[in-house]
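What follows is a pair of complexes built around chain A, which joins chain B in one and chain C in the other.
For the complex of A and B:
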């Protein structure tokens, strides 16, 4: 027998999953919203990889995109604003056997959750993080987010926003231990799927930024890119993602980029026109925090009890040296 | 022919010393000339004794005393005269420890005893110097001297470390499974009637809060929850698996870090002969099968994927005969140490290895040359073949080495012991019969130099091709037929003579008293030009009459002789060289196939160049001008071929037909972003496919207007409305105009 027996036997009862096995409810996103494209791509990935639903956990914060776990028939955690990443890290430490996905928006990740974002990159835990970047707070009816373009008129900036937009890619590429950075645009579903698939297979913190259109509050922002394929730059390399012949026929603006070259990745990431899509950076050698800390080790009851006792002892009021005497009185 | 030459030739060919011939005499107590510099080995610094370090990775578990002392001195010895003094004192101690190493013991104990013995005669500062160096040596372990027991002790030590590491992984896996299975049973108990009983619930909450709850009501409430206890059959299965997993003495000892119990359990896996190992394996096989079965059941149960109709028949049929290679590699390996006692032992070892059992075999060979062959005599080299034969079994890790190089073999031994299959370690110790007065270490090292017992490793896990499996790099001067050493001596005129001496197999045989009659000594007064060194003789046998091969030897007083070598020893030497050539090929030192191909290619290239030059010259002559330098044929041909390549591509593009607008509505489905916009317009007309991307499912389910509206609402503009199906639909002209943008 060339493989361990339990694996052989698991194969005997392995069942193939369909897209429906991962679908739960009808998404309430606006029609035309890019979140739908990401949802479809993730569900396809789960089906193609035949992932068991009980081995998947989707964690989110607050925002339009953070409704994502509701639409996956898997474990899910709709968390609090900006805290998707720490929750996901806790899940991964307790259950390293789960495939953890994080769905977070530009406000959730880059504003209130920015500190968690930076440290999550540094911790490099094995999870797939999808930044649904639609450049605006949509759920609360149009306020500027850190990635909103300068001059955007919104409820909070009626005279137009004052600051240049933050670039989540260059920020991520600047943090210690960064191990995977990729970008896709919601209007090229093939790339969304391929990039999320590559991120899923990467051992470490895979950061994928999906540039999305908000059909309700920023419907025109990406119009020029939608109508001019030259404004999209496909990154290609044997270590990157492949593109179908049909896609290559439309998008002729392509460039070879070695994902191991972080300096070039930073240069490419700075570009907004053309907008680069594909894998910008990948380094499989960065260790994962859960491996360093040996997460998932079994904890015998005695160990749990001892830990609890030690924790409770912190709050015990110990008698003073003369306590017995006073008690006696 | 000279009388001396005649008698020498007669000896070489006939092995007889003709009566009355003075110059040729029977071989006395001689040794190879290159051994002349080695008399008292204890006074020299060499790799022995070894220190077997316990708390180390297998590759680092074998350290040399010399290496430890050198590293410590480098760390603590001051610069200048004081440092030199410290070094001298510590090296004196090292020599003393080396003399005591044959008795064994731990480095710390032998160190202290040697210090105590030297202290009375030591100079000032001795105690402080050795104490400083001792403090810098952070490791300790048993000392091993070079001898018959060295291979068993070294391999045995690393085997223990490898087993501990291997089984620690299994022990952890078993511990995890035991905890998780126990959790399944606990959870089951909590769901059972007994677990839901008011008393059990009260006990679970604890006495402090028991008055706050109504446990009777709580019990009733819990009784309404769906999902009952597990079936009795499943419970029995889990309990049986748990019982097997918990009854593993070696794993239990490892988990409990009980060194004594662990040592006892490991000692039961060490055997001195193949038959005992086989018998023990037969006894242990059912237990291993039970463990493998319990592991598989436990993992399936924990995953919640045990499917009784699928798995029950499998496990009922599972027995010790079902164990595969991966299963065998799961448990501990047996260690068999067999002394090479002849052909019968070697056959047993090969049989044991070929059985594919989880076994690692150490075979120390003390006698590489063997007794004289029946008849004309000469060495049989019987002790050198076991490892080479084992490599033909293919999936066995094989290492051949001499005891002299064991200090460098820690990594290789560790790799072999960790290999998931049988492994053989054939080690020449030099402790048997051989040149009298020569220490075992020197004999062992000389056997490698003489290519009689070359060092090699065959590791099937290295890769699928031989280049990744064979390693013969750990041999002196691997590219050469024989290792060649510098040799200086003083001749009869007291002049210094400098030269090189090759150390051949005949050099190793010359000192062995069993083969004395295969050599005849010739003092320097009778040396002649017809005498040819053995290595030169083998490279190109001399054509002239009267030539004889010789090796250079010294007697007890270091007087130099040439020893004429008999035809029988020459045959054995030739065999060693051929075997070494085979190893060189396998180890990619010389590849005769590649060399032949390379020669053929070179010849073809030269011929082509010659031909091109001739053609150019002929053309130049024909045109009546000076000949030009000929261009390489390859370059001249490559350029015209490159040009037409781009043409078909350009043509294909030009010929590509433009797609005519379709009268039927359609969607570029692969580009659909699943945004729901079209489904919002008409969910019966547009559907999602298996990839959640839209297509036109039923044109008749909606109007042309809806098609146009859907196309307009699609953010990526991939819906093409085509032509209206119903000519009576209102506002068709306006709709057609709107649809044009999506044709």
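For the complex of A and C:
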């Protein structure tokens, strides 16, 4: 009796993954950087879902947040600036069996990679995309980003930035085929984890914007929000995410929002004070591009050979002797 | 050739329009060695379809054939404009034909203005025969009628044999819109002129209109028959070009179709592209057929996305291809560097067009050799192959995929718009399972296996593919160590750069010397690459017939270069690169040895072999003519 039980336990231990199974190296992000919160939430998700590390692919572009794959003990592709999404699309198209995650910053996604962002929403490939939005370029040392608040004094806007900030949520919600949009703030880890988890379980392009503090270049931007819980709006709904009792005690500003209501989602998304967190929009009915294109279909050699021969037939000039043989084919 | 034509109907130039007279007796069939025909029209009148069909029928007859598309730069240039000529040149021969030839012997033109465009470009042989649509003579707009008459008289005065034919009027009883039907009537006319088997012509018409309704097929067949019968009854010249039907089956496609067939045959599954002339037709054809073999053509949102999408697919284990042309290639450069750095296999096809910038989208040039070899910042070694025939377009893609995966490298295949739209028969490929990629390895890797285990002699790595247990690692475009970890260590950085460079040498050791066309030694060696091959070899043949001691060699690989080139060059007194890209002309006042810019291949050969190689090039956007190269040979040997 005891032996089989022991073996059984051993097997469970072997199959169950711990946080360490997903950890790789010591993150080089600044202390207080929101990227750390996202990393912790993602590693927790992988452990809770007991995902096989070899079936995970984290794809990123360039920027502080794009170092993310290096800190995951999974497959990772730290690509080039702005191009994380098309790389991830190629990965998913070739290998629908892999879980694909994308980590991208506000410069990477909303500036240099903006075209890919819009089209990725439209393709609606099944992947979890985390926009690490800290409203400033960090890796290149404090330049204005598309999501920077107007008036930001940066190294390229020493007299204050000139334009209003772009809102990544309303942009995403405006694109055809949008299927999942959520938001969290790095100072509420519970919500970061909950929205990333919901995003992971959504079949389609799950866009999660994490509002992050940059302790180095924009340390004060979100201070009023940290000091006043009323400035954060928790979105509640049976189809949304749940909040712990502890959290509900602090954050009393709550509102019911049905994630299937895109018009209301766009209104809520426009607000920065209070800043909404939770699931803004979800539509499971949008087809995934990789399914439409029948990615991952088996391709036996005979199929390729027959396809090629049929095409060659179309263009072939046969020697006279072969003509009857051809019509027999 | 031209003399023959004149002899047959030399008196007809003075005949009054609008209809060529019924000959008194059936003309004798004159045997020709070869003939160059052009069919030209406004855009949308189907001259290209007529020309391609004629080429295909000739190939079915067993003639040597090379077709060249004449493409205006605009989709719908104004009607009857000199710059709007759209159509096809077909060179037919008793033997293998490998280029479009020099001047045209026989032209069919649907209006006199597009014809003028070809006359002014110097494409017509003096005194050549012209079948000219004559409805313009009685056009209701007096300016059009006047322009037509003036041009007609001018052409006759210049000695061209102009035969006026009311093509549209002749087609009207058969189709409601003769403007769109007369191309097949003309095909019938030409089939009679060249004594082609009408059975083959009918088959070709059915193939050409395979996607159309039965009614469309029937009316086009009726036009074909009517044209053939009209020519039989009304033209007083008829030719036969001896043909030998090949013993082996041949396929007749253009270079872009050959590239797409190569993608099929290579077993690649994903082609990510963005539309760009003149590369797009390869993706058009691939889109039509790829899904049947489980393949996917992804039209990305831009060129960069197309390249990075392909890189993502390759990274995940399925070597992918992206097909583009110059401007698109420039946009892909950073992504190509990423694939080089991460050692991800990737096939990039660049169907070159005239540059720089937007350049000449529909015209050919060999301007991208250096950007293919040296492009992308930093030291980014990649393999560069150049297809020189239509057949080569097919096999180069198959080979490129294999090299890409065996060496974990980017392989660039250079074609150009000359190959892209030209047709030439070649032996039907025999499918070989070895062309296909092996299935993705998903086996567990031993603990501690490094993703970049650079071999100290060859630089090669054993790639680990996502999904393989124990192989988890992150790859990066940053400098990295054997584990794939970001490393700014000076020693590791040099080791990595050395390894990536060594892979080229490893590949180079497997290559064979290029063959020499002509004697192994002599006074002049011409070195070329890509689509100029047919013209160079014809020029060499003609020069050798004149007693000149000239040979040529053609490079299939531009990077790494094949072995033995130095030894070949050493056996000739002089070496000359002939390329369709720019090199400064020594006769220009300011040009001297301190500032002359050499053609791409000449520059590479000079720097590698320290030989004083000369170069000659032309960037007119037209295929270089064998006669032009012959003149260059004569001048250099004199």
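By our rule, the second predicted complex is superposed on the first by the 285 of 329 C-alpha atoms of A that agree within 3 Å, B and C clash if a C-alpha of one lies under 4 Å from a C-alpha of the other, contacts with A are read in each partner's own complex, and residues count from 1 in each chain.
In the analysis below, a contact is a pair of C-beta atoms (placed from the backbone, for glycine too) under 8 Å apart; a residue touches a chain by one contact, two chains touch by 3 or more.
This one's a predicted model, so the numbers in the text were calculated from it and none came from an experiment.
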Of the partners chain B and chain C, which touch A:58 in the superposed model: first, second, both, neither? second
According to the stated criteria, A:27 is in contact with first (chain B), second (chain C), both, or neither; which is it? first
Of the two partners chain B and chain C, more of chain A gets touched by chain C
Mind working out whether A:298 is in touch with chain B, chain C, both or neither, as first, second, both or neither? both
First, second, both or neither for A:190, with chain B first and chain C second: first
Under the stated touch criterion, which partner chain does A:102 make contact with: chain B (first), chain C (second), both, or neither? neither
Name the contact category of A:94: first (chain B only), second (chain C only), both, or neither. second
By the touch definition at the top of the document, which applies to A:215: first (chain B), second (chain C), both, or neither? first
Now for A:309: first (chain B), second (chain C), both, or neither, which partner does it touch? second
Where does A:37 make contact in the superposed view: on chain B (first), on chain C (second), on both, or on neither? first
Which positions of chain A sit in both the chain B and the chain C interface? 297-299
Complex contacts: residues of chain B adjacent to chain A: 172, 175-176, 179-180, 292-293, 295-296, 299-300, 303, 305, 307, 310-311, 314, 322-327, 670-677, 679-680, 690-693, 713, 715-717
Touching residues of chain A toward chain B in the complex: what are they? 1-6, 9-10, 12-13, 18-19, 27, 29, 31-34, 36-37, 39-40, 43-44, 186-190, 213, 215, 226-227, 244, 246, 297-300
Note which residues of chain A are touching chain C in the complex, please. 24-25, 52-55, 57-59, 69-70, 72-80, 83, 86-95, 97-98, 115-116, 118-119, 293-295, 297-299, 301, 303-312, 314-320, 322
Enumerate the contact residues on chain C facing chain A in the complex. 59-60, 62, 207, 245-253, 257, 261, 264-265, 267, 269-270, 272, 289, 291-296, 298, 300-302, 304-306, 308-318, 320, 334-335, 338, 342, 425, 428-429, 431, 433, 436, 466-478, 485-486
